[in-house]
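Read through the structures below before going on.
Paired with subunit B in one complex and with subunit C in the other, subunit A is shared by the two complexes that follow.
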Partner chain A sequence: MSALPPFLSKSARRTLGYDILFMLPALLVFTIFFIYPVLTSFPLSLTKWNGISPDYKFVGMRNFVRILSDRHFWQALENTFQYAILVTLLQNVIGLSLALAVTSKAHRPVRTLFLVPPLLSSIALGMIWSYMYRPDGAINGLLTLAGLENWTQNWLGDPNLALYALVVTNIWKWTGMSMIIYLAAILAIPQEIQEAASIDGVGVWQRFRHITFPLIAPAFTINIVLSMIGSLKVFDIIFIMTQGGPGRATESLTTYIFKRAFDAHKFGYAIAVAVVMFVIIMTLSLIQMRYLTRREVRA
Partner chain B sequence: MKTKAFLIFVVLAIAITVAACAQPTPEVVKETVVVEVTKVVEKEIEVTKVVEKVVEKTVVVEATPTPEPEPITLEFYHWIGADLGETTIKQINGLFNQLYPHVTVKFETADTGTYEQVISTRLSANDAPDIFGVFPGTKFHPKADAGYLADLSNEPWVANMMPGSAKVATYNGKIYGYPTDSNVIGVIYNKGIFEELGLEVPKTWDDFLAVSEAIKGSGKIPMALALQSAWVTQLIPYAMAPTAIYRDMPDFDQKMYNGEVTFAESPWQEMMEDYLALNEAGYFNDNALGVDYNAALDMMANGDAVMLVQGNWAVAGLRDRAPDIEWGMFPLPYNKNGGAIWVSAAVGALLAADAHSEYLDMAKKYIAFWASPDVQEIYLTAKKAMPANKGVNPVLDPALAEMIEPMQAGTYPFLDQNWPSGVQAVMLQDIQSVFAGEMTVEEMLQEMDEAWADATE
Partner chain C sequence: MSMKQQEWISRSVAAGLALLWSVFILIPLYIMVMTALKTPVDLAANPFGLPHELTWGNFAKAWQDANLARAIRNSFILTASSIFLIVILGAMAAYPLARRTHWTAVTYYFLAAIMAPFQLAMLPLYRLMKALHLINTYHGIILIYVAISLPMAVFLYTGFIKGINTELEEAALVDGAGPFRMFWQVIFPLLKPVTSTVVIMNVLSLWNDFFIVLLYLPRQEMRTLQLAIFTFVGQYNRDYTLIMAAVILSIAPMIMLFLLLQKQFVAGIAGGAVKG
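Up next is the complex of A and B:
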């Protein structure tokens, strides 16, 4: 086993054979159903293809050059980033706060409750929220009941609000998931450390700041990366609730790709946009992983 | 020892994979359950069919000793089931089965919004159904180019097609689909409220504006408009264009293809401005961009709104919601300079056959069966649609019947049926943007011209 790369630790070298063995089945499935189709579709980004015809026309980098001057692409990119940043921030702040609030065993039923939305199908959920957002829907109804008639809005019909309305739905669906990951990490912190600190007279905020927060860093990394990737490639919620509208106010990269491919029959171009999106998400994820794992500590 | 450990690990690894595979995520679980339920139902139906078949078979065997043909299952995929609740299609397939006892037609349906994507994918993946629906006009041309559609030019029903129907079923001189039904866009209205307010069906644009003003004055919403549903945004321009453009310039689309005219310098500018003016005058419901198709139907059924520019298919939805209201329909009178009002009317669907089907002959027989007047009448009566072929006389919905006479003046198909793909999608998004105040009419028409150029390059 002397030919192993030098960066592996001794224990890693010892278990490497088994590691690979255990990964193999999943890796095989992943390769056949994910990596292979993705890689084989990349060359199509260099073609002009209507999605049906058996003939492709090779056009070189033309699709990518066109993306640069495609204002609808840039708007979709801007919307996607805005959406992803808001979701990532809010979902983690709320998720972490909820996790801190439900640490005791007595809170178990509440935890279960928060886990329901992530299990619901996006289609059902999108339809329910669309209904609530209607001008005569439940949200405006509640506001009117509370005497806040001035606050009622055309939630999904106002181009300045629609994206935020979708962000709320997305957070409502996925915050429970973030919460449970944070909760697992919090519960894994050895009780003695917290106890020792409180005997030493360390306050709640200080304990959070210097003990809990550093020790849940791996959960933090996972949550940030997952919520960012998830919201950058959001499709279902938007497609069901606004289809990217009104106009292009909630057009994300994914809905744009879908429309270019299936409405305009520009598959080559759509795949080129997908390749660009792939590169963006990959780069951002790698940067985040690098930066966030650096500050992880072991308890 | 090592090999033993290795073996144990292999077994463990396989066991874990199998276990992991056997535990799908919650969402997946739900989906599989649903699929199983529908499958069971299908199976039950098939079982009853088989039983019927067996009974018939014995009778046949006693009568004529000729050998039974091999049983065939034809796959039929179409979006129409979503409207008809599949019962009518089942009825038709049952009748076909009586005619050809060895043939079972397996019908599957999809939502109109996703149908085109699914069928395109299935065709390019060599998973074509034997018979399937295609949208009339340019939308099926790429499928014909790719050789997926059987040439139906020599079928017995070809001679019975109405000229307009034949046009949108023909490509490069060949017929690729059987036009099953015809639809019309007009103003659906609440006759009771018209009577209460002493209003008459308007015959000119000024009359139409006056009627709207009178309804507004009574405190009701003159017209329900559902701009959140992208496909609804196009209906008012579609209803205007036959009179505003095609009555005087029937070859406008051809001129677009030749690059002789543009949207920007066509009556589209005025049409869009008038569309917006209706909104500014308060003739639509508030927040139209946040209202979807079903919400607009609700407004009509509640009696809050009085008129609705929609296709005849909406009448079925309105009758379900409010069976006691008397609904009528008239053409949108966009004849600002006087003259005849042309109506937006178009074939709704074509039945096509898979060119590579193992049972192409039987698939053609099935389509010909749909073309028989009896089947056509069953279908059209249920769908509340109009015939696209001669010699077919379905029971027309009373509201729809009111459109027959106005249609004699002249009709033009739904505009996208003659457009290259991609233009309609841009238009739908841009109409929303224009109503949201994020885009001007000029910018919208320019984008439509760009999309046209992009699609035809």
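Up next is the complex of A and C:
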């Protein structure tokens, strides 16, 4: 420990040494298996590399220039945005409404039920919903039963519907998670505030607007950011249910990266797309957090 | 509209909404269970109703053909060892971060990772794993799981330790306990609530992980539960009675755990999110 500055006392140096011993194992694993790959992705995005051979060729900004005119990339970006906006919107509107609907203790069994889908793995989810969506599956069956035969569709096979079908699957799984986060925030509001407002003759909607909603602002921020980032990174259910198809109707940024890398062996290009995706996600989350936390402070 | 009417209307709307969503959640689950209990012939004749006759054989066949016993064991090894390390390394790293102000930079170092999507690390990580001969090894997967889960664990532990009074640890140090003994005997037992949050968050994400094992653990004998089901589906892609039986077997452990530890699960999910 002779390298340490001399102005530290012996006991301070001892503490510093122990601190480092406490942090070292975590720092090592984290740095080698996460930070190092993340950092090397930036130089690798400037190369042409097939992922197999040990050598790669430096090509400068060529991958990024090519991305600009890659219409498959733009389609994947558009799909991803469309998916993320719909999921964020629906999951939060429904999640918050459900949380408001199940606040009493008598609702415990219902809450339990709403938390079952988030437990399912992507494979389970994908299999259940692929089966629901089949042309001879349960959804068309139920529509026929209800006399709505001409509403039946090939849900995952129709390029105009497949992305929406995946959005429904996503909110089926995750809305319970949003609900429980809203619910925890709602239940933390002191009961007296609501009661006092109710006695003073404040209406239901006014109470929600001026008491509940401002007080759950932090939960709102977390839920929006979590569902937005989560849906921008969607991979599993698309990969399992549609593989990005039909055509490229459900191709997302992540499935596109995966295919460029492992099917087309264009690792350098795929990494460049991942870098672009990272910049987009980071920008969006920073904007969101700034805007939403400002709202929290005001409220 | 009087207050009473308003209350009544809002309560009815709430009840209606809860009912509607319950039905929406239940239909796919109902279809899943019913399909698993039918024979293919029964399924074709009667796709949505109750089974003509309960067919438990689907479960036995799926269990055997997908080799689920081995897959569950593999998943258990991976999840349990990763979580053990996440808890130990996370709690230890958080201690100096919570107690001393001069390590703020390290805190930010961990937090920066929450912004970076795994997709950014995935391809260079593939190169690294190959170079270190870690593709198709459990310890390779465990190291990745630990690395990507640590930031959140460190963050939760740091917040919690900050809220603990320093008197106890000072007393222990005065009594001559070394920093390690003091940490494990005095501090760590106090961290139980946050440890349970960390464990539950990670059980959910690691047990259900599909992406990382798909990339870095392709070998058949090492397959985890999720990959085993994925492969099984590929083999029996027409026979949904078997597929649904396999799906039910694969989600059963998680659902049982949830029903047993419901309170901790809810606290874990809400706590992890609210503090995150």
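Annotations for the structure displayed:
Definition applied: the second predicted complex is superposed on the first by the 263 of 299 C-alpha atoms of A that agree within 3 Å, B and C clash if a C-alpha of one lies under 4 Å from a C-alpha of the other, contacts with A are read in each partner's own complex, and residues count from 1 in each chain.
The rule we apply is simple: contacts are C-beta pairs under 8 Å (C-beta built on N, C-alpha and C of every residue); 3 or more make two chains touch, one makes a residue touch a chain.
These numbers were taken from a predicted model, which means no experiment stands behind them.
By the touch criterion defined above, A:218 reaches subunit C but does not reach subunit B. When both complexes are overlaid on chain A, the residue A:68 reaches neither subunit B nor subunit C.
Once the two complexes are overlaid on the shared chain, A:97 sits against subunit C while remaining clear of subunit B. Once the two complexes are overlaid on the shared chain, A:26 sits against subunit B and subunit C alike. When both complexes are overlaid on chain A, the residue A:106 reaches neither subunit B nor subunit C. Of the two partners subunit B and subunit C, more residues of subunit A are touched by C. In the superposition on chain A, contact of A:119 is made with both subunit B and subunit C. Once the two complexes are laid over each other on the shared chain, residue contacts for A:285 go to subunit C alone; subunit B is not touched.
With both structures placed on the common chain, the touch criterion links A:146 to neither subunit B nor subunit C.
Look at A:246: by the touch rule set out above, it reaches subunit B but stays clear of subunit C. Once the two complexes are overlaid on chain A, the subunit A residues touched by subunit B in the first and by subunit C in the second are 18, 22, 25-26, 29, 51, 119, 121, 136. Residues 18, 21-22, 24-26, 29, 50-54, 119, 121, 130, 133-136, 154-159, 242-249, 251, 259, 262-266 of subunit A are the ones that touch subunit B when the two sit in their complex. Across the interface of their complex, subunit C is touched by residues 15, 18-19, 22-23, 25-27, 29-30, 32-38, 40-41, 44, 51, 94, 97-98, 100-102, 107, 110-124, 127-129, 131-132, 136-138, 141-142, 145, 172, 175-177, 180-181, 183-185, 198, 201, 203-204, 218-219, 222-223, 226, 229, 232-233, 235-236, 240, 253-254, 257, 261, 267, 270-271, 274-275, 277-278, 281-282, 285 of subunit A.
Within the complex formed with subunit A, the residues of subunit B that make contact are 9-10, 13-14, 16-17, 20, 26-27, 30, 116-117, 120, 123-124, 142-143, 145-148, 227-228, 230, 286-292, 295, 421-422, 424-425, 429-430, 432-436, 438-439, 451, 455. Across the complex, subunit C meets subunit A through its residues 3, 6-7, 9-10, 13-15, 17-18, 21-22, 24-29, 31-32, 35, 47-48, 85, 89-90, 92-93, 95-97, 100, 103, 106, 109-110, 113, 115-128, 143-144, 146-148, 150-151, 154, 179-180, 183, 204, 207-208, 210-211, 225-226, 229-230, 233, 240, 243-244, 247, 250-251, 254-255, 258-259, 262, 265-266, 269-271, 273-274, 276.
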